[in-house]
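First chain written, first letter: the chains are A, B and C, and each begins at residue 1.
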């Protein structure tokens, strides 16, 4: 259905690995590297050029690398200069601007908009309609839910650009804003609808507008079970490297 | 302008009704049924396959049914397994994932993202940029306004998935979040910018973060008219089955 | 990379100026005027018809004018009846509905959704994912940040449509909602995450849900510099007509 070699453009300057599939209506521009076993589905643009392309005849497209075993869903636009590790995947209509760096096993959901010049660790999952401003730095195992916005200009409009920093394992729930330069620690939970303007210590639940620290995530007690779901790696393993084994066991092996 | 038979893909396993128009650059995949008099405009994907398609050579695309007299605007992606009643319409760039069920006369606005496994009644109108999480259940005559998010995981990330339930005639105003499992009654109004974490009784206006019940919608008095606009079916009939007749008269005929 | 004359549709009723580039997979419909030196990139639709087109054989597409030196990025949909001044630019996947009027030097960011029947002055910058409801009126030098929503129906659903009005130089920060009919003065700053339901005087900072006036923007003192960044034209000039000269000097020249 998707791979009929219909209306495809692949630059002669692109490098396409072994066992790569490219869907109909997709364009792969100059200096894009698609690693082995990756699927680029239909209607995608990979290696989207910088604005300079339109005005400079000597423009040279920076290198873009899509890691092995990735799955790029339809209508995704990935700018030049980006680098993605293995097993990267996107939903539909994702826009990822220049010089975005993602580790391995990351996912970016439908309509999400990554503004470029950002760094993600491994195993980050971004749900639909997430907006990550420039100069954001995100650790490993960070989950970001729909309609979350990361900002970077404290006095708009200005030339200041200081993105948020998010520690490993933290969860940013739907409809939250992380304000410029805010540092969120490890294993934090930002509750739905929060506007976070101050730094957050490790293991804190914060909530509200403005967001305030409420309690340690270990003290979020589930009424049914009488236990806390957090730190979540003890209770969730789908797609995680500790899937099918104990999280603590996996942690010890990392040392 | 839109129907030049340019770069169209229609699967031999699709069934196309009488008097159907299909726009340029559109793909209709396996086992899609397009009912009579429906218009699928340009750059759409109908019957988008499940992830299994990419990895399983024996994949069989579940049936997708678009009802009669529908209008699908450009760049809409509809997954396999969905069923839409008659007179369905979408804005642009709508994404509707697998096994979404819509009644008759429903509308889904531009960029909206329906996550799949949801049920809508008849005459539901979703405005632009609405996000409906999996396992949501929506009644009849429900209007959902821009940047509304329905969620389903109370302790993210987890394997729990309990969507909200919305009663007939309820209105969810812009920029509101309905939290997992919340039940909203009939004829309710959720005010702009609300985070709704508790069930809402019939005819209630709720507002705020966290949302609190303020009054019966019948007591929302318009300063100019001195009357309440609610229950709204008495004061709005465009596109509704009681258009041109009295709402109470129509109600009596339904009994 | 983008200009291979592949799968392009240009209506014989469109007028294409001098030195215009049109990207692959783009459609230019009836009665569109593309002014000189403008670049329409790939996968765009310019002159999208009104709904009447689908049902009326005598439909005539209203005129659409894109000003000179504009840059329309990929997957943008611009409806018929719109008029844009010079140096207009869009991000990706922008949707601009019918009869939207923009002055010169305006920018509309990725995924933004302009609902039509709106008026913008000159030098307005809309960031990603902005939603502007019908009947909104925006002055000059107005910046609107991601996930801002302008609404227009005070008692949804109804036939009332009264959009907000925004004065020159005002800034609407991320994740804010401007409620129907609200008038915001000149040089205002609406802080992140605000729901603005009351009119705002010139030079006011407003914040919160519901938004309340906090102080004059001149009294927002930066801790580092001990000075206020506002009114911002004294401290930001990139892309502005006073770039490289003093703002007051430029102001005097306008008189």
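Everything that follows uses one rule, which is that contacts are C-beta pairs under 8 Å (C-beta built on N, C-alpha and C of every residue); 3 or more make two chains touch, one makes a residue touch a chain.
This one's a predicted model, so the numbers in the text were calculated from it and none came from an experiment.
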Chains in simultaneous contact with subunit A and subunit B: C
Interface residue overlap between copies subunit A and subunit C, same or different (over half shared): different
Centre distance in Å when subunit A and subunit C are each reduced to the mean of their C-alpha atoms: 27
Shared-contact residues (touching 2 or more other chains) in subunit B: 7, 25, 43, 75, 93, 111, 129, 147, 209
Contacting residues of subunit A [partner subunit C, same complex]: 7, 9, 11, 25, 27, 29-30, 43, 45, 47-49, 51, 53-54, 61, 75, 77, 93, 95, 111, 113, 115, 129, 131, 147, 149, 151, 155-159, 177, 179, 195, 209
Subunit A residues touching subunit B - in the complex, by the definition given at the top: 1-2, 4, 6-7, 21, 24-25, 39, 42-43, 71, 74-75, 91-93, 110-111, 125, 128-129, 143, 145-147, 171, 173-175, 192-193, 208-209, 220, 222, 229-230, 232, 235-236, 238
